[in-house]
Amino acid sequence: MARIMRLGRVELNVLDLEKSVEYYTKVIGLEETGRMGNSVYLKAWDEFDHHSLILTKTNRAGIAHLAFKVETLDDLAYYERKIEEFGCTTTRISSNTRLAEGEAVHFILPTGHHCELYHEVGFLGTSVGALNPHPWPLEAKGIAPHRLDHCLLTGDDLKTVTRFFIEVLNFRQSERITTVDGEELLGSFLFSTNKAHDLAFVKGPDAKLHHAAFAVDSLHDVFKAADLLSMYEVPFDVTPTRHGITRGQTIYFFDPSGNRNEAFAGGYISYPDMPTITWTEDKIGQGIFYHRRELSESFMKALT
Amino acid sequence: MARIMRLGRVELNVLDLEKSVEYYTKVIGLEETGRMGNSVYLKAWDEFDHHSLILTKTNRAGIAHLAFKVETLDDLAYYERKIEEFGCTTTRISSNTRLAEGEAVHFILPTGHHCELYHEVGFLGTSVGALNPHPWPLEAKGIAPHRLDHCLLTGDDLKTVTRFFIEVLNFRQSERITTVDGEELLGSFLFSTNKAHDLAFVKGPDAKLHHAAFAVDSLHDVFKAADLLSMYEVPFDVTPTRHGITRGQTIYFFDPSGNRNEAFAGGYISYPDMPTITWTEDKIGQGIFYHRRELSESFMKALT
Amino acid sequence: MARIMRLGRVELNVLDLEKSVEYYTKVIGLEETGRMGNSVYLKAWDEFDHHSLILTKTNRAGIAHLAFKVETLDDLAYYERKIEEFGCTTTRISSNTRLAEGEAVHFILPTGHHCELYHEVGFLGTSVGALNPHPWPLEAKGIAPHRLDHCLLTGDDLKTVTRFFIEVLNFRQSERITTVDGEELLGSFLFSTNKAHDLAFVKGPDAKLHHAAFAVDSLHDVFKAADLLSMYEVPFDVTPTRHGITRGQTIYFFDPSGNRNEAFAGGYISYPDMPTITWTEDKIGQGIFYHRRELSESFMKALT
Amino acid sequence: MARIMRLGRVELNVLDLEKSVEYYTKVIGLEETGRMGNSVYLKAWDEFDHHSLILTKTNRAGIAHLAFKVETLDDLAYYERKIEEFGCTTTRISSNTRLAEGEAVHFILPTGHHCELYHEVGFLGTSVGALNPHPWPLEAKGIAPHRLDHCLLTGDDLKTVTRFFIEVLNFRQSERITTVDGEELLGSFLFSTNKAHDLAFVKGPDAKLHHAAFAVDSLHDVFKAADLLSMYEVPFDVTPTRHGITRGQTIYFFDPSGNRNEAFAGGYISYPDMPTITWTEDKIGQGIFYHRRELSESFMKALT
């Protein structure tokens, strides 16, 4: 019974490592858990694995890779075979290529993104522990999200990448954006958990990142995050609003390298048998920004 | 890849059918979707299946059965075999024994509760639909929960029922309450989705219901629900507070037959690899009621 | 001890009376309390006076007059004399010129707006009554604000109008916007209650309305209001955000005639001895929209 | 135009000064602003005066005095005369008898409580300042209330003390609790600002304190305060709920000396012309605790 448990980590390319670490620890409120080479490893307070975010110094911002944690070591071989059958090349990345990581299966998505599956990773535990825990840590700083939540990537062939996730990795599609005639797929929202999305794609250039999202608890926390971003003078893309798609409450803003981040709350509980929700292109405005009801140029164009 | 998708329905025994229907539609805000024999069928606005709650007139309150929806018809046979292997007797309940339901596998839990697995059930869709939907329905009434969330049952042998759910139905245990020496299991919180619990047990008499819970969005909605209950003069068991266990925000109250209901918000995202959280009996107060930090007699004793 | 108790009513000019009444009752959720001539009278559920909003059919949108309720009949004569001493002409408007209203003192503000003071007005009581009341009415519809909260007007000479309100009507200034050198007054926020503002002015053409604001309870209610506006396809000016000025949580949108409305929550408690908060023009962005940190053209230019 | 601006300070008797200071700074989140003799002076982050709370070491908990700030120095003489005319003895307390305080008028309320009026007190400013301020201070700790909000005192003759506040100090009565026949006054809620109460009395022994309340912003903040109190193991009296009276959202808990504190949010805007709301004794349960709908013994009996 192979299963993808979650989007376990994202590696972001950043231009200035120390400035980025300061931003992700002080403003976002992640905890630095290690360093190796040009990379810094971080986790959110409610995550128990060693890291969910890797910041790697390079000369161009963007997403270096994303990786999903599978339930057992055997799942690696199972998915490896299915990926190969789909026509993607896989390679094994050996243990400790990155800090605290076990072996991983690497492949390139139909949209050109580097993706991995893994099961083994160091265990650190959450900040509140597993014995009579408090509901949140007194020492939390900044936005203090619970965890990495999802990524939105861009790509040209959304039908193929959607088919890949559904057929190969057993994801389901919670929502999709289509042209009014239903012919073309402009957006695809995918889940393997019971969250409204674990990964999503919108039409655009291959191999690009639209945003990496962190989960907070409530509208109140989204708003508090927005206040904090203003105090720290972080540039906003989108101020507090609701998504039609996922129903979530959201803000978008940029890390020091221009990678877009989201603080996301809410969203419905998805189930494998839920009917896929369709947004037609003429309603894409309210689909993305339920209040403003129109897209902004920056939201469409700023990609890393 | 068999999987239990969710707690799909609960059948509650009620003493006065019309009074109960009025309560569950006007105060809770469910929608009546059909009647058959002594039973009325209801669903929440955000559920797409035909019903999640069946109210059946009898002369003693309590839970008649609970049922889990599996992902495919084949899963029925798979789980049927595993249940039998565990030593429980299964019987097939034929289609349309109840309204809009397909075939089900029936068995009795080690705690004496009647339980079923099923895959087929009528489809009605949510109140907001699946095409360019609004995030919530303007016409929602009462507490207007999104869905049936979980049940808490009582039983004597929690170790065996926990083992049953983990070994047979592939659940995981998110939290547990034990004696201080760790020897005895006093509470067991189980999930097969990514919610903090889909079903839970506390030590007590077999075959009894502690509560059936409905999911609302936020602390604000829990509080609004509490206001509504006062307006409708519904008896409270527990006024707004937080659980240490699950971290959820909660109120408890009683339906006209004395069955306890909960309106529940929040709770963390669970994952199959999360370490089980342990609450020791000396901290059971904050585990159950994080603010009050002590149990109340009514919460322990009122069972149906 | 004369005192201005509150901004008691606003008369808005509207182009289509029935469409406007439908909007203010169904979307905003006010109650129609009477009609007379070309005018419809409305109140919010938590107001006890006969009306706080008058919609009058004309061929140009805008504000016909605003009126403050004074504590006693004697206060009328007291303020009348002070207004005249300041150099403004006053006239008495006789009882029942408008529905349910007693005598009023009329004058024109230094910014050209028609303003009145009054004490007598019909009493209807709030929707929840004054005997063992519930905290909110079950039958509330739409945004369901508690009350009319404040207006923002535009004018050329903000120093004089501020001096008028402080010296003549005993208001205080909670906040002000000035040029960086402090020479020119670009915005002036005034209160006679303990709210962060009861009336405000920004630099602009005389005799114009920027917006009329209604008070809701919380960020959650601002957000719910925003959802409702999208369901009813009401045009937004500003989606949910925080003001730096007053700290309030806010949305702006337009009635069917183009008059801007605000749903406003929060804001601090003001006191007569509070130091006036100064925003310098270079920080006007965060003063107005604390998250976005820049003004929008529509917010500056759309006036009625 | 004399006016009482606010409840400016409360002096609480505490048994262990250092433990009390630790509690009021770390858990409540006030700032220590000075020490003199056996007293420590504190203010909330959003208060601009030198202090609003004085903790004085004695051997019995309770309220040493409460004091109202008047708008001008002349108001002192005005109220002094009115107090004497009512039949209460006044004495002048000279400047700097306590830290940073100007002259005060002292008198004893008909309920036996020591009360003062004052105008002069040192100015410190809020934590966010008065020039382009952020809406809240990043460095806020603990519950971090905006300000001292109100006190509830007990006394035998509520009619006289109510008459005193209305006739002498120009307060109004927002709400009252009476016997069902309306003959006896059991509770009296009084305001001179536009808050739902600035001071309140319930029937009980003279000269006692029921609680001192601190204002927070929202239900969310009340709940966060409750979480914090559990983390710091502060004893609760009342976990999160709503008051029928004032509609506020509330928790009650005890300082290290047994003085009851409240964290209070919400409550309506009061106006001098609002009809006094009456709660009859048979509905006192929902008046005090809108959800539970019954009084608790601890809430009635624990007084200092």
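The chains carry the letters A, B, C and D, assigned in the order they are written, with residues numbered from 1 in each.
Convention: a residue touches a chain if its C-beta (ideal position, glycine included) is under 8 Å from a C-beta of that chain, and two chains touch if they have at least 3 such contacts.
Note that the structure is a prediction, hence the values are computed from the model and not measured.
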Tell me which of A-B and A-D has more C-beta pairs in contact. A-B
Measuring between Cα centroids, which chain is at the maximum distance from chain A? D
Inter-centroid spacing, chain B versus chain A (mean Cα positions, whole Å): 31
Inter-chain centre distance, chain A versus chain C - centres from mean C-alpha coordinates, in Å: 44
Approximately how many whole Å separate the CA-defined centres of chain A and chain D? 48
In chain A, residues with contacts to at least two other chains: 134-136, 218-220, 227, 230, 242, 286, 290
Assign the assembly's chain-to-chain touch graph to one of these shapes: line, ring, star, complete, other. complete
In their shared complex, at which residues does chain B touch chain D? 219-220, 223, 226-227, 229-230, 236, 239-242, 249, 251, 286, 289-293
Chain C residues touching chain B in their complex are 134-136, 138, 218, 220, 227-228, 230-231
Interface with chain D, chain C side, in the complex: residues 1-3, 5-6, 46, 48, 69, 71, 125, 130-136, 146-147, 170, 193-195, 215, 217-219, 242, 244, 247, 266, 268-269, 271-280, 283, 286-287, 290
